[in-house]
Every structure is written in structure tokens, then in C-alpha cells.
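Shown next, in C-alpha cells, is the structure this report addresses.
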Amino acid sequence: MKRLINLAPSRGGRWLLGLLPFLLLAMLYLSLSNTRLAENPNDRLLPTPSTMASSFYHLATAENVRTGEVVLWTDTFASLERIVIGVGISALIGLMVGILNGGIPIIRAKLSPLVTVASLIPPMAILPILFIAFGTGEAAKIALIVIGVTPFLIRDLQGHALRLPDEQLIKAQTLGASSWQVLLRVLLPQLTPRLLNATRLALGTAWLFLIAAEAIAAQEGLGYRIFLVRRYLSMDVILPYVAWITLLAFLLDQLLAWVSRLAFPWYHSGEGDKS
Amino acid sequence: MKRLINLAPSRGGRWLLGLLPFLLLAMLYLSLSNTRLAENPNDRLLPTPSTMASSFYHLATAENVRTGEVVLWTDTFASLERIVIGVGISALIGLMVGILNGGIPIIRAKLSPLVTVASLIPPMAILPILFIAFGTGEAAKIALIVIGVTPFLIRDLQGHALRLPDEQLIKAQTLGASSWQVLLRVLLPQLTPRLLNATRLALGTAWLFLIAAEAIAAQEGLGYRIFLVRRYLSMDVILPYVAWITLLAFLLDQLLAWVSRLAFPWYHSGEGDKS
Amino acid sequence: MSLLAAKRLEKHYGNHVVLENLNFSVEPGEFVTLVGASGCGKTTFLKMLLGTEATSRGSLTLDDQPIPNEPGPDRGVVFQKYSVFPHLTVLGNVMIADELHSAKLLAKSFGAAKRRAVEKARSRIDEVGLDHALSKYPHELSGGMQQRLAIAQALMMRPRILLLDEPFGALDPGIRQDMHVLINRLWQEQQLTIFMITHDLKEAFELGTRLWVFDKTRHDPQAPEAYGATITYDLPISRDRPSAELKEALNQGGMKTHSQETLL
Amino acid sequence: MSLLAAKRLEKHYGNHVVLENLNFSVEPGEFVTLVGASGCGKTTFLKMLLGTEATSRGSLTLDDQPIPNEPGPDRGVVFQKYSVFPHLTVLGNVMIADELHSAKLLAKSFGAAKRRAVEKARSRIDEVGLDHALSKYPHELSGGMQQRLAIAQALMMRPRILLLDEPFGALDPGIRQDMHVLINRLWQEQQLTIFMITHDLKEAFELGTRLWVFDKTRHDPQAPEAYGATITYDLPISRDRPSAELKEALNQGGMKTHSQETLL
Amino acid sequence: AAPAQAQEQDEFSVCWSIYAGWMPWAYADVEGVVDKWADEYGISIDVVQVNDYVESINQFTSGNVDGCAMTNMDALTIPAASGVDSTALIINDYSDGNDGIVLKGSDDLADIEGREVNLVQFSVSHYFLARALESVGLTERDIETVNTSDADIVGLFSSDTTEAVAAWNPQLSAIADMPDSNVVYTSAEIPGEILDMMVVNTQTLADNPELGHALVGAWYEVMGLIEADDENALTIMADAAGTDLEGYKNQLDATYLYTDPAEAIELMESRELLETMERVAEFSFEHGLLGDMAPNAGGVGIETPSGVFGDEGNVQLRFDPSFTQAYLDAQ
């Protein structure tokens, strides 16, 4: 018999094994749900899959009488728009400040402590200030995402910039590069794939802030819906919405990974990190 | 003249430069605050530093008439307790699952997909579910922290476990180690400092969830107080509390860093990562 | 009955044939040195001896039994890198073998057992000349000291076979010379059977009693992965300079650059 | 007037004296090879020539002017690792020098300028034999090809001085031989002044016209950092085998292991 | 414990959230009034404060607590509509100005037309807003509603982009203090419609009447203190609400507290209560708050001493004066 640590499942087996805990969870849910519903048929806490499916189907197809909009899609587009804009702005700021901080010691000396402190402040706690500064519309929600995500991106990119081998900066200078040219042709292109990677890591946090922002004040959005129907304990809506958000998060993540592989082959097969 | 990228500030200069943006921010705040207060002396949004200081002093010293407790300390202890327990549980789970996942291929095949999916679910979206499932006691708040932080810790530690050179696992086996012994004497001690490091990274997120949870259901705690006085827009309490939270977060982070350096000298001066 | 024997042994990764048609038998006490171009499969071969890579075809036997399919205490190993545990001191690194053996559950010994293990480890450490660095961590040691430590560690369990994968590749030439003396002494004292991969033909000659050259006998430029390497030369070595005949053979066998480089 | 000259040059890091009492003058067209024990300060010396490390005391002049305190296009460099840009293809890596020069703002050329740059780069790439790999990224190249690319890149700006820090240290012996031929040819064709650090004394003799041995002349076992290394031997090399006298000198000067190893 | 399972037990929990009319629970909890009454009936009652109002009701609906302080409308649309048979044990007050609509730049309610209104959607604020719109001949189609968490509504109002809010106290008074804020409509204009109550699970109450008696007893003991203007008690309540004595008294001024149990009984038995509930049910039905299954406003039956509104076979919300009566009789 081989030692446990030396036993590797086959390819197909891995697939099945991976599915196993999901099946177990599903069965656990079903049995709990059945017990509760047997006791009280009106119980909303653990709805049956069919209830959830029909609620979700309803949300995904029925047009609102007043506006003619379909709830699920309105929510999805509103949320996606916010997260894409928010993360986009963060990425831009992160890239620029990260390059400047990482490449120019004098700027790093100025900004680094500020970024460190900023990254420690829980953005949720300073909401009122955000409202004053950015109003209560889309701007505030996007600002919350930006404030929540940018310090992480800056620190990550700054770290990567500092970890670029000195040899490359020296080499560029021996080829006659000015400071600006070093930033533009050595740091920028090498940090871009790392930005994509960092953005993928930051997406989770971005979703968090998006939902928090939508819980506070919104007229549509995935987080809005969850926090609105929460008062009716409509788990038949909340659970499919959570699954839907998870799926969207997964797809966004994969999209970024795919773009990165396509655009930066040297990064993924080279010495770049393997994550 | 040297190129900009080659100019490094002196030690003392770095210190001063780092202070600069904070001074600028402070001045900006003061001028904004003055303008608002000149317009409306009752404005609560941007209180003067002296107002904040006296409010904070009051919270930090005045005993509550009925309980004899000092608000700031009650809040601080309640929040710290939650965060320490929550992060502690997460770290334990993270370490154990991380080691098992990283060390034993068969377990990894089973759990890895589940962990991946779990890490994609935005915990904020299941916040409503949590309170319903766990009630409003400490359990729900700690559960939110655990749910929010554990998947990250597991993935990080699993990654580190997989990145340990195969040579070490093989070496241990040639010395006669069983699977259990490999986990215990090779993986566990080498992952512990990495756990501390990962925990430091996760602390920011943990604070976020703590505050979010305390906003919904709590009877004391830093997040609770902020949300309580938010009803009156008492920024003279909120702003010092935010600063206090930031300070606590910083101290916790430094504490972990210090413990790690003390306990794992080989990790910090060796080939371990430099963060 | 020979210690190790192979018959028409092959190793593939998918369609990529790495090794083919290996036939040999090795007696206890031999010191086999392995040379060959980079990527020709020397490490892969060592891994098959270790048991971390399965054989693809043919037979590989230890004491006439198929070789165990995972590492065990009868076969010690020293790699070029990562051979010692960074989280253990010199003493801890050497003691661990004993602890794994005597404390099945905790893999850590206490009291008298611990004192015995320390005693034993110290004498091993003395042997490799690290007695002044007992409580240092590997990152505080130079490359040469780390490899000594790795050797002391590997020999704690008194393995019958010692596998060395370019153990001195990363060392300074001066230090390397000291290591040669050390390994030679240990080999004789402990009656080990050693397999050592090296890129340095001179080293191979200096230490080994038997030299294996790994190379491809067939090569298809269109499909470089279609054929694998095998043992093209299996030469007994006496401790003198290589004979002219040997040089000749090597020059023709694709080892030109190696021999030119190190044999002048 | 000599190209480079040093007078009582020293380099300290805090209390740690790395180099002391360096005196030399180097004429255009010399090929200086630097050898010395690991950690004795060879790379530090090269960095002072590059301008990335400041001198601590004494003078170091280029054309009788204090050496510029940052890298410039007159001094090209090839490191052992990280010498090429991973995000650029072979063509891009070589073109970039031209682009930095001709497009100050975007550092990227277009249209006719681009065609000219490509043309120029291709001829350089041809010279180092990488013409078949124009659009490959460095990670797709072998170690030897990467170093060739680094050399082609470094020579694009026609530097007067070329600094090489163990450029071939990571290469296979066979490939190393080819690189020797290449660097020798380029040195002669372009009338470069070359400083090359190597661990391989044979390489140092084969390529250089002048050999510098870095070593400590004073050593305090209690305070190993109190004294620095200096140039203990400054030997002109003819392309023949080293004379017996030289061997003798080396044997006594602490270079024993090096010479034993590579000169047999 | 799931509601249907409720049997005889001796440990109970009730929850409340911060609102002027419910602050007596804070006092009753920390000063041991509830414990005293619970001991008297041989049970124990855990009084839990929940920071977020909606969450507190969810705790009740999901069966985590046995009772919860909530308004009449939320009692109907959340637990009752979810099939949790609920009993209004105590009617403690009605909002007499505690709810208000605030506009920026105008003191005329009619100017709300076309604006975005921040409020807690589908809450009693929403109902109140609908009633306000009705009074000036507008409907909800003439405005846009933005769901807003109640804790953040003050911060939002100080933002330039906010045009109108509907809020309750204490937020309302904080907003009213701000520059350019005009309170254009308050609940004082619809007295007796927005009722604040203590709601208890009907089944639990039926199985354990002691719970009802203990809660009622504790409540009216504190009411006595308020009636007597007990500064100490009021200060404790103010402190728990995050304000000072003066601020809290201002809030109480906008709250019509039924300090006299007889008055509360009178309201429960009155015809007006049933009519109010009918109006609330209709509003809720129009907004889909009674669930997709409800065929009409009467889908969820409401029972008061003066009669039943809606489906008699599906009565889920009951107003029960008997415990208050028992307390009165015992005094």
C-alpha cells in the first residue's frame, strides 16, 4: 500500500470526487428543507428547489407591469455596470500610482505611508463622508468600490514593481532610457498582466462593497434585491440570487484570466507567478 | 542631475516626505470643516478637532450611569473579542484544511472545487441568511467573519503547501516518515508562519465583516456604536472611532508580524517570502 | 544475486520517450556516477530508483523484488537544492530521522529517547564537520555546509543505497573538493552503494568505481521525443587518469564538450 | 590619457570594507577578466563602473572625469540573469534601444523610423545567430540564446565599454564555448573595452588580454569585515597557455582551488 | 424552535430595535423589570436588542425569538403574511409626528412630485408616504422611491443629491435640524394609524400564557415611571437610544404613548382599529406585500375584538386585549 500522500486520484476520479461534497451539501439541504416544510408548509427559510426555480424563473422572465423591465436583468446590468466601472477606475488608479510608487523612490516615500494607512480604514465606517462627497447616486456606490479596492491594488502593484529585478532597470538605462521611458517601457508593460491578476483577486472585495453599497441606498441591483426581499424572508429569491452572483463572479474572474493569457503569453509561461 | 528613478530620499527625508500627505489632508479637512461650520454652526458633518477630542475623551472616560462601563472600552473589547475568535477559528480551519488539501491529493480532489466555489460567494450576500440561521447572538457575527475569511486562508495555505519543494516530502519519506508524520513535521511547521502572514492579509477583510455584522445586530462593539450614532450623524463620534479602528487594525497587524519574526526566524531571513 | 537490476527498462511521459532499453545490474558497494547531456533523463532515472516515478515498461528490481513504488528509509537521497528542512536547526535536521522512527505518533522524542537521539545525531554531525553549528538554521549556513548537513541527514537511517542528484553542482570549486573527500570516506566507512549524477566528468572519474553515460542512440530530428536515452557507456573506473582509449570513446559518443571542458 | 583609471579607490557598506586600495588604468580596447572568491566584491566593482554604486573614497575616472553616478548608454552591460526584457520578443528586445533613442516621448517608433529600427536590429540579431527566432519571447529561448540576445541588445547603442557579470555562468559547457567565440569576435569587430567577471579561470585566460585577481591582502579572523579585497594580481595574458611562473604565483595567492580545478 | 413546535417551555426571548416608543424595553431589560415579572410567573425572558429593525422582525418570523416589537403594518406583511400566526399583545403607542416627510428647498408637500424619495421601502414609511401623497392628490407613480437603510438616511440627507426623504425618529429629528430641511408632513396628521406593538407568536402565547402576563406586567410598570416623568428612567432610555434626555423627550412628544392600559384596551376593541388594518391591508396588497398567493387584500385574515377582516379561515394576525385586561384587573 502506498502512503496516503502518494496516492493521486485519476483524472476522471478527480472530477467525481470534486462533485461529491456538492452532492452531500445538496442532500443535506434537501433533508433539512423537507423537515422544516413538513412541520410548517408556509415556512420560507429553506424553500424547495422547485419553489426557488419558479421564483427565479419568474424574476428572470416576468416583465414589471409598471416599467416593462425584467427584474433579474435590470438588477444584473445595474450591478455589473457598477462593478465594472468601479473596478475599472480602481485598476487605472492602482496601475498609475503603483508604477509611480514602485518606480520613483521619492514619490514612494511620499505616498507609501498614506496608502498603508488608507488600506487599514474600513470604508464602511466612513459612509456618511462618502455621501457628502459623491452624492447618493451611482457615484457613491462606485466610490465605495474604488475606495475599498484601490489601496490593495496599489500595494500589490507597487510590490510587484519593486520586485522587478534591478537588472532590468539598469539595463534600460544603459540603453539610454530616461526615467519616463523606464516607467513606460519597462514597468508599465510588465505590470499590466500583474494588474489583471491583482484585479481578479480584488473582485471578491469589489462584490462585497457593491452589495454593501446597494444595501444602503439603491433602486435596483443584485444587492438591493437581496436586502429588499430579506424583510419577507424570501429565501426562494435570496438563495438563487446568491448562486447567480457567485456565477457572475466566477465568469468575470474567468474572463479576466482568459484575457490575460491571451494578451500576455510571456507572463503566463514565463517566470511570472503561477497563480 | 540624476534620473528621477535613481534619486532616493535620505532616511530623515523619507520620514518627512511620508508625513507630508497627512498634513495636506489635515489642512484640507480643517478648511472644509471651517467653511461648513461658518455657514451653519450646528453642522455635524465635519466637526472641529476639539469637538471630536472632547467627544472621544468622554467616550473613553465617562462611566455609563447604569452599567458603570466605559463605552469605548466595552466596544473595543467586544469587537476585539469577536475578531480574535473569528479570525482564530478561521486560522485553525484554514491551517487544517490547507494542510490536508495541500498534502493529500485525494482530499484535495474532494475539497478543492468546493473551496473555490465557496470563496466566490460574496459573504455580504448571505448576511441575511446568517442572522436567520444563527440568530442574533455572537455566533452569527463570528460566523460571518469565519465564512468571509476562511476560504481565502485555505486557498493561500493550500497554495503554499503545494509550492513546498517536492524534494522535502521525498526526503522525509526516505527518512522513514509516514503520511501523518510528513504532515506533522514537514507541512505543519512550515505552513505556520505562512498562516500568520495570510492572517495579516485577511485582517482587513475581517474588520469589514465585523463592522457589517455589528451594524445589523449587536448591543455593543465599535461597528455598533458607529451605526448607532449614525442615526444622528454624530461625526464627532464616528471619525474618532474610525481612527481608533484603524489604529487597532494597525496594532493587530504589527503584533502578528512581531510574533512571526520572533517565532520563525528561519522563515523571515530564509527563502520565505519577503512580505 | 545483485542488489539492483534492470531489464529492458523504459520510461515514457505520454508520447515522450525519456529512457529506453536500460539493462544493468549493480552489486552492493559500487559507486556509480551518471553523466549525460542536460534533459536526457538522469534525474528521471534516479526518481525511478527512489520510487517517486513509476517504470513504464521492463523491470527494475531491488534484491530481485520489483522496486517499491515509493521512497523508503533503505534509499537515502541528497538533492542539489531543498535537501534540508529550512525550519529545523542543524541538530533538528539530523535528529528528525531518529524521531520519525521512535515516535510514530508525535514524531518528536522527549526525555531519555531525546537524549539518545541527540547523542547519535551529534556524532553524525561531527563526522561531516558541522559540530560548531549545531543550533544554526540552514539559511545561516553556506551552500557547502548545507550539503554536508543533507548528507549527514540522509545517512542517519543507514540506508543501503544513497542517491545523489548533482549534490555539489551549486558549490564553489574549493568546497567541492572537500566534499569529495567527505563522500569518499563515508562511502567506504559505511559500505554504501552510491548513485551520483554530475555534470562534471572529472568529478565522475574521481569518485566513481563505475561510470554510466546516458545518451540517445537513435535520434529523429523531426520527432526529437520519439526515442529515449539509454546507457551508452558503462565503464569501470580505476583511480588513475582515464586511459586514452576511454577518451577516444567519449569523444565519439557525444560527450565531446564535456570531455573537452574538464579533461582539457 | 587612459579610458578608465582608479586611485586608492575604496568601497564600504557601513563598517564593512568591501574593496580597498584599487589602483589601475585601463586603455581602450582592453579585455579585462576579473576573478576572485565569491563575495569578494567583483560585482560591487562592476556596479561602480556602471554608476549604480557610489565610490566611498578615492577616485574613479572615465576619460579623466569622475565616473557618472548613474548608468548611461556609453557603458553596456550583460548580467548572468534578468538581462533581457521578458515582455518583449527577440526583435523587440533589440529594437528597444533604438526606440528609446529616437522617440523620446513614447519610446516606440512607427512607420519609416520603425522600419529602419527593425532593419538595424535584424542585422544585430543575425550577428548573434538568432535570426530564426525573431518573434519569440525570452521564455521560449534556451539560456544560451537568452545571453546572446542580451549581448546583441547591449551592443545596439555601440557602447564604448561592455560590462559582463558572469554572463556564461549558467550555461552548459558546450554552449559556453560558442559564446566565447561570439564575444571574442564582437570585441574585435567593434573595438570594445570589456570587463568580464567569471568564476572560470580557464575562461578568463581564454578571453582576456588582462587578468585581475581580487583578493584580500590583510585578513583579521576576528573581524572579517574590517579589510577589503583589492587587485592582488594584474597580469597581461597572451593567448598561449599560462606560463609556469604564473601558475606558481596563483598557487600562492589563494587561487589554489580555482587553478587546481580548471587548469588541472 | 419552529413556531408550530412551540409547546410548554419556560425560557423565552423577545427582541426590539431602537425607536422612541420601544425604548422602555431597554429600561425594563437592564433594570431587571422584565426579570422581576418573569420570576413572578416562573419563567425567564431574554430581552434582545437588534440594531437593525428589519433583522429584528426576521428573527421573529424565522422563530428565533418568541416576540418582537414592530408596527401594525409590518406585523401584517412580514410574519402574518409568511404564515406565522402572530398576536399583538401590547399596543404601546401610535406615531404622532414620529414619522415625517422632509423636502429640500420647499415647504409644500405637493412639490414632492417628480422627486426621488429615500425611504425604507415597503416599511411603514412607505405606507405613510402613500397616505401623504393621497392627501395632495398624488400617487406613487408621480415619484420614485429609493430603498435606503434606516441608519444611513441622515447621512444621505446631507448629500446635495438627496431631494426628499421619509423617515422616522430619531433620524427624523436629526434631519429636521439640518439646514434647508422642511418637514412637510408628519404622522400627526394621521393619528392612530401607525401603531407600535409588541407582537408574540400566537401558538407560544396560547401554550404559555405566563409569557404574555409577564411582558404586559413589565411594560406597564415602566409606563408608570414615564407617566410619573421619572428622570432617571428617561435618562437611561435616552442613553440607550444614543441621545440625551432632552432629545429623547422631544421624540416622546411626537409619540402618543398608551401609558394607561385602559386606553390601549379601548383602542383594541374599537371599530377604528379594524378599519385602519383594512386600509393597511389594502395598501399592502396593492404593493404585493401580502405575497404572490394572496388573492385579495383579505387573503391574510386579521382578527380584532370587534371582528375579522378578510379570510376567516386564514387568520394570522390577532389583536388580543385579554392580557392587558388581566393586568388591569389585577391592579
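For clarity, chains are labelled A, B, C, D and E in written order, and residue numbers in each chain start from 1.
The definition used in the following text is that a contact is a pair of C-beta atoms (placed from the backbone, for glycine too) under 8 Å apart; a residue touches a chain by one contact, two chains touch by 3 or more.
If you're wondering where the values come from, they're calculated on a predicted model, not measured in any experiment.
Student: Would you mind checking which chain's C-alpha centre is most distant from the centre of chain C?
Tutor: E
Student: If you tally contacts for every chain pair, which pair is highest?
Tutor: After counting contacts between each pair of chains, the winner is A-B.
Student: Using CA atom averages as chain centres, what separation in Å is found between chain A and chain C?
Tutor: 48
Student: Would you kindly tell me how far, in whole Å, the mean C-alpha position of chain E lies from that of chain B?
Tutor: So the centroids are 37 Å from each other.
Student: Can you work out the whole-Å distance between the CA centroids of chain C and chain E?
Tutor: For chain C versus chain E, the centre distance works out to 80 Å.
Student: Distance-wise, how many Å sit between the C-alpha centres of chain D and chain E, to the nearest whole number?
Tutor: 82
Student: Can you list every residue of chain D that touches 2 or more other chains, as numbers and ranges?
Tutor: 52, 70
Student: Could you list which residues of chain B touch at least two other chains?
Tutor: Residues 3, 6, 45, 128, 132, 173, 178, 215, 230, 233 of chain B each touch two or more of the other chains.
Student: Out of chain E, which residues touch more than one other chain, so two or more?
Tutor: Touching at least two other chains: 58, 62, 152, 154-155, 158.
Student: In their complex, what parts of chain A are in touch with chain D?
Tutor: Touching chain D from chain A are residues 165-168, 170-178, 180-181, 184-186, 189-190, 264-267, 269-272.
Student: In the complex formed with chain A, which residues of chain B make contact?
Tutor: Touch residues, chain B against chain A: 3-9, 13-14, 17-22, 25, 45, 103-106, 109-114, 117, 119-126, 128-129, 132, 159, 169, 173, 178-179, 182-183, 204-205, 207-208, 211-212, 215, 223, 226, 230, 233, 235, 238-239, 241-242, 245-246, 249-250, 253, 275.
Student: Give every residue of chain D touching chain A within the complex, in rising order.
Tutor: Residue positions touching the partner: 50, 52, 70-73, 75-77, 79, 81-88, 96-97, 99-101, 104-108, 137-140, 153-154, 156-157, 159.
Student: For chain D, which residues are in contact with chain B within the complex?
Tutor: By the definition above, chain D touches chain B via 52, 69-70.
Student: Which residues, counting only chain B, touch chain D once they are in their complex?
Tutor: The touching residues are 2-3, 6.
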